[in-house]
Amino acid sequence: MALRPVRAWAATGLLNVSYDPTRELYQDIDRSFSAAWARQHVGAPVQIRTSHGGSGAQARSVLEGAPADIVTLGLAYDIDILAQNGLLAPDWQKRLPHNSTPFTSTIVFLVRKGNPKNIHDWPDLIRDDVQVITPNPKTSGGARWNYLAAWGWALRQPGGTPDKARDYLKTLFAHVPVLDTGARGATNSFVQRGLGDVLLAWEDEALLATRDIGPDKFDIVVPPLTILAEPPVAVVDRNVKAHGTAEIAQAYVEYLFSEEGQKIGGKHYFRPVNPTILAAFHDRFATTDTFDIASLGGWGTVQKQHFADGGIFDSIYTK
Amino acid sequence: MSRIVYALVIYLLVTVMIVLPPLLVVVMALSHGLGAAIESLADPDALSAIRLTVIITVLTVCINTVFGVMAAWTLTHFRFPGRNLLVVLVELPLSVSPVVGGLIWLLVFGTQGWWGAALERWGYPVMFAPPGILLATLFVTFPYVTRTLMPMLAHNGRAAEEAAVLLGASLWQVLWHVTLPGARLALVSGMLLATARAMGEFGAVSVVSGHIPGLTETMPLHIETLYNGYQTVAAFTMATLLALMAMIVVLVRSLIERRLDRTEPSI
Amino acid sequence: MSVYLDHITRHSPQGGRAIVDDVSLSVKDGSFTALVGPSGAGKTSLLRIIAGLDPHQRGQVSIDGRRVDTLGARERNIGFVFQHYALFAHMTVAANIGFGLAIRPRHSRPGRAAIRRRVEELLELMQLPAMGARYPHELSGGQRQRVALARALATGPRVLLLDEPFGALDPLVRRQIRGWLHNLHERLGLTTILVTHDRQEAAELADTVVIMNRGRVVQSGTPQELEDNPADPFVMDFSGETIRIAGLVTNGRFVPDMSDIIPVPVALSNGRAEILIRPADIRLLPHQGNAIAQFYQRRGLVASYKVTSASFDGMLVEMPADPGDVSASIITHCAIDISAGRFVRDNAWVIPGYGLVGPVISDEVQFLYS
């Protein structure tokens, strides 16, 4: 029974291949979506499974054949790669509202309780007495957001140039003692192993750490300027066609934008894109200035410029 | 006097390095009481991981025992061109990183690989499904039966087999009544080694699994998922169970090894 | 059953030289034949070819007039005893002995009771009563060898092949089991071929001794024939104790290099030569030289002396003994006579017909009986 073909379950089930910090979010979403689906389609219960890992690694396994019906990854670039290989339509991002992004997030600083190192803004991270925890941007989607937040901030400083931004990042990564491969690994290093003074993290991950994992151990510092992270979702056309799950997969991604789905997102510290529901959660999300990926040239440009072999990240980290 | 000092140092070393860490795992598992630990094992995904691990282990050990006996018998009984190369190749999975052991199957059976697209079209995807996990586990455990059996067969020599043939035994009768019983302790020892490795394999399986809870997660993978999901009790309970299973295997094996040393004289 | 080997040749698997080189041999029904020779002579290979354990490239093997080399080892019904017994370590003695019967296909397999009876019978014959429940490692070497023999006999083989069966036993046990094997052969009359490197063992057990060297049969015959008429220096060396004395032939006289050995007249061209002689054929000549002979031991009417001279030390020589006590005797001023020996040059007898030289041997040795 364990060796039956995957298609046998795929017909009645749904696989969401997601990235690292969404475990708690999708556990909740899956439960509430299947209940909603069962109410509308009597006698056709659906089993949803979600797999988690680094965003890039997850995209890679879908590319190699992991039977994902839906991908909910850390950044649009990872889904673009699937589109380039024909797993879904090139215009996938236009098929759902808000650039296919049901929830946004930002990059914030997680510090030890009482902020003993007095960290408030990006320049504080490169002080001599500060150690920074962030995962490897080559393997982790979250880390790319961290990196780009710092890059964007440096560019926007008075007299900011790409060269100056590069120098800032070089100094910043000299303060990083360990490079974990994924966002969850970096969080574990900071929270459970006690490494470093500040963790660059998804806002949702930071809030989860302060509220649920280590209450009274951490504080969140929201820098005055940071990036607007937009982790998108998509239906994997080729797989749902093979599994016969197109209808339910579409229902699933649309559910994320529904009132109920948006509320669950807010509950798990993701910023709902629905303004009404975001307002309901206003007490947990600090207001701050943000810039988006488009302002840096979009993922295609950014990936080539910074993270490809021989890109800016290689030049600042190896030398 | 110095003997006692040495012994104490070793005791300390073993305690700190080998006894304490698993003990901490057990302590963590029981941090919310035995009830919570047992309850965490009743989770459908946990049960599925245990079931998958047991099925994969049993299949792996059966298949690799058959292959291993064939390989060991052929390699010890015949001299042929390329034999030495084969002996080296049999050991390859021991020295190759398990991640590579997983990636090679991805290259063969992944949708970007040689056969993957065709297999998926027929509805039998191998990667990110239990067959892929089986293949990856088979690869990493391939050497164990062969390598433990070969020295024993070489040591036993061919005379007993030849004696059996001259008494009228067929090839199958020789293998079943003479060769394998003559090396039975080595065979069982190799099978147990393969069992322990198959149960605990993470790297190779991780590459081909897809980490789908309840479907393609073995116990080691599920432990990682639980741990990353901050489900500490569940993660450490599963880890305790896996460690317990491994300990039983190691215990049985050491008992057998002791018998192997004591009896089984060369006649 | 008779065994007939016709021009058998076997090359080593790596190619190269022949391990068994064009050997023909006829073993008559009920005989006890010993294959003797130094290690590497091809004796064991020949035995394994007969059993079907090793292949041969040329020639034929026949048993009782029927070719058997087209049959596999398991179909030849040959009893084989290995040097290191090759018992099944995980089976009891009884299971070892009964193995050949128990694995037969159902239609020809004797019942359990019949097998048990046969095993009991063989244990009795091997003088191993009440050993059936033991395991091989609980037995002594001699006992294991008898179990191996019982196992080989259980299926009623046509021929019994023994490969250095006493090689791993200590000398005392060896002599015991040798005598016992001799009796067994007398009782069963089973055609037996024994491989050994020990010529005394061969002489004691076999009615026919075949001497092999470098893959070939050098000579065969009864032990006495070989002792008396060695076909060449190698056989002489191998078939009994032999002393070699080197010297120079000058003008019809062989002058030994060592002093106090009497020169021997010989019709041979000038140059180096050797005399090979059995110790029993050496004579001591009193009052002829400067050697000193000291009494060593006495066997019946023959006393042996240790002879020492300026050029040699402690050569053993036999002489008819006086009826009286010679135990303290020392003979001074004596010399040694080796005229009963055989001349050798270039590793071959140089004077056919001289002394006790035997017939010239052809490659193909025919037994008197065949």
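The first chain written gets the first letter, and so on, giving A, B and C; residue counts start at 1 in each chain.
Just so we're on the same page, a residue touches a chain if its C-beta (ideal position, glycine included) is under 8 Å from a C-beta of that chain, and two chains touch if they have at least 3 such contacts.
All of these numbers come straight from a predicted model, not from anything done at the bench.
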item	value
Reference chain A; chain at largest CA-centroid distance	C
Most centrally placed chain, judged by C-alpha centres	B
Chain A and chain B, separation of their C-alpha mean positions in angstrom	36
Chain B-chain C separation of Cα centroids, rounded to whole Å	54
Between chain A and chain C, centroid-to-centroid distance (C-alpha), Å	88
Residue ranges of chain B touching chain C (in the complex, touch as defined)	79, 159-160, 162-170, 173, 177-178, 181-182, 184, 263-267
Complex interface listing, chain B residues touching chain A	51-52, 55-56, 106, 109-113, 116, 120, 123-125, 127-131, 134, 210-215, 225, 228-230
Footprint of chain B on chain A - complex, ascending	2-3, 5-7, 9, 15, 17, 20, 23-24, 49-53, 61, 63-67, 85, 184-185, 188, 212-213, 242
Residue ranges of chain C in contact with chain B within the complex	13, 51-53, 72-80, 82, 84-91, 99-100, 103-104, 136-137, 144, 148, 151-152, 154-155
